[in-house]
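Labels run A, B and C following the written order; every chain starts at residue 1.
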């Protein structure tokens, strides 16, 4: 039973991938795929990039949530509440004003840079806290996010960019076409690198003292992992926008079921993360077809409900 | 100025001064029109400042903490969700055929019912686990906001535009038809809460101590929650969501009042609310020539204040 | 062997550890005692390289801990801190396995697995090994931490208040274990401990600190006298011989 769990979950996600390839405006002419090369267009230009983006972004955001939770030793931290996403959003706005026609790569670099700065600011504030209670850390993150968000809104209002900003950040996968998603493979690569340092992350999660006692270079491991988180979130924010709660609920659910031995749980986090993202996006395409509801909007509701269930049902956990 | 009452008088004088300046500075054009417009704005600010200041301090007393505010706990997001649901399920045309006062009454009562259910469920008997409460509140807030957003995505575009206009009514565009009834409601709620000011001093010591000292805890807390919710709904109906105003006024009120007595905390917090709103708008309008951005500035300052305080003290 | 030379640490103008020097030869149990705020934990933290020293030197088997790289030290020295509040949801076996990290760098070989099993059995945790830490009682959890430290397979073990949160029965079991670790595995154990009677019953040597200074140093017989104990703790202590053991009585 236990040995079968992973293959079954994997099959379920593959099923979702197929469903994602088959769903949407404009039917894929499945019957003509063998004979007619033009029949591949819908698949290759829109469906395939979109599906790949869903899988990679869902995976990367979930894993970066996991990393942040381990490193800050707090269950309730996620990229959006650790300064990265709000800072990346500000970066996207700034480059949008300064150089509207900038190539995607430049936008991405700017967003990643802002995202690193945001995360650094968050950690700097955490270091100044003498009382590192579980209550305080997510709260600080949310407040920091609100302050950064206020700056972003202020700038956007002044330059009359609020409308475009909301559109950019809505977690909308329908805008993903060939030529715009390929950088997400880089995000996938960064996520794979996390797997390599999984054991070190587990030890860092036991705290500085234990890590040093076991002879681990605490600072460099921490730094490396945080750079990955910041870069991943910078890129994902540029390509698809924000995916609220994903980085929070996926690692928490997996932790409840499988514990926190990171090397063992990362595959599960990846599967569940991409599964949920795929599900939300497919649902968004179906509910109001032919209109689309962004996956981010559905995730906000779905994620909040799941998180509340976890939070209120498990009184000892956290 | 060792006596906090002197500080209170000074603060009241400052509030009056700020309001007078707001009314009187740069009077050009048709005097009667401008004065009546500004009077409406300042009346709105006094109502919102008072409602927010009073409700935040009392909410913090009841929940036994100085971080949570009703806004952070999702109150305003709930209001947005209620507004959105009404437009979504009833439609703006049919809803608009109801007179404005009736709409206000229905929205406010829906808000009171839902908020009271939520807070009672979250707060009563669970006060020992503060951070779970805090997070649940935050997440409920996000849930309401996301649900509203989802409904907005599914709306017809023209309905969406109408809704946007209603939700983000700005300080400088007061809803004059509501001022009378809102004023009455705020006055009534504050007066009712003021009667319990000494009980709140005891309730601040915690549920068990309060019960031990013979305070009728469940009754007073429930009533206070109802009144607080009415205050928040009124304020949100007037000018839309302002998340950090309450946090700022309450935090500064504790510092300035230098006392735990609600007879002092409540007026301090209310006056600070008025000063922030009127003073902020005054500075923005006449020094920076920017209108309509006060809410953004308050969000920024409130959040920054929170972080700065945290950095200086290293704890809460 | 451990050499501590003129170790000093100052916090806000106060010398928390003040010119402390001592030498510990290999083997045996050494207890650090003293009143609250005497500097015991600070001293142990500096000896464990978890806290930087203001001046002085700590040598472990001749290696200066300020100059030696952390992985090398991790194979000589294991440390158990006072607070072990882990948020991570690990099983007992996972936690203990991390004790092998200095040797395996995360890739557990057959030898590592055997050591893990040995540590689990030594601390009587074999049946609990697949439970999550948050499903254990306080005493079981404390044993799991000790198993992890033991599994690190180092010549030196520093334990900061290992009896924290343990009831009478578990405290005795823990002290017996510490004794066995020293006797059967030929390890050197240095521990901070509050209960002078436990220190007296299980140590080979007691170091007493007060106001940051090392004030007394010697075998239990030497420390367990009314004069010395009153000098350390500033309250009168009667010392009785009960069943061949020096017991301090100070409760009334």
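To be clear about the criterion, contacts are C-beta pairs under 8 Å (C-beta built on N, C-alpha and C of every residue); 3 or more make two chains touch, one makes a residue touch a chain.
Keep in mind the model is a prediction, meaning the values are calculated, not measured.
**Q** Relative to subunit A, which chain has the most distant C-alpha mean position?
**A** With centres defined by C-alpha atoms, farthest from subunit A sits C.
**Q** Closest chain to the overall C-alpha centroid, by per-chain C-alpha centroid: which is it?
**A** Centroid comparison flags A as closest.
**Q** Give the chain pair that accounts for the most C-beta pairs in contact.
**A** The chain pair sharing the largest number of C-beta contacts is A-B.
**Q** Please compute the C-alpha centroid of subunit B, do the same for subunit C, then give the distance between them in whole Å.
**A** Result: the chain centres lie 54 Å from each other.
**Q** How many angstrom lie between the centres of subunit A and subunit B, each centre taken as the mean Cα position?
**A** 33
**Q** Take the average of all CA coordinates in subunit A, do the same for subunit C, and state the distance between these two points in whole angstrom.
**A** Taking the average C-alpha coordinate of subunit A and of subunit C, the gap between them is 43 Å.
**Q** Subunit A: which residues touch two or more other chains?
**A** Counting only residues that touch two or more other chains, subunit A contributes 134.
**Q** Report the residues of subunit B in contact with subunit A in the complex, numbered from low to high.
**A** 67, 129-132, 134-136, 138-140, 142-143, 145-147, 149-150, 153-154, 243-244, 292-293, 296-297, 299-300, 303-304, 306-307, 310-311, 314-316
**Q** Across the complex, what residues on subunit A touch subunit C?
**A** Against subunit C, the touching part of subunit A is residues 70, 73-75, 134, 199-200, 202-203, 205-210, 212-217, 255-256, 259-261, 263, 316-317.
**Q** Which part of subunit A faces subunit B closely enough to touch in the complex?
**A** Result: residues 76, 125, 128-131, 133-136, 138-140, 142-144, 146-147, 149-151, 153-154, 157-158, 244-245, 287-288, 291, 293-294, 297-298, 300-301, 304-305, 307-308, 311-312, 315, 318 of subunit A touch subunit B.
**Q** Please name which positions on subunit C make contact with subunit A in the complex.
**A** 48-50, 69-75, 77-79, 81, 86-91, 94-95, 98-99, 101-102, 105-106, 132, 134, 152
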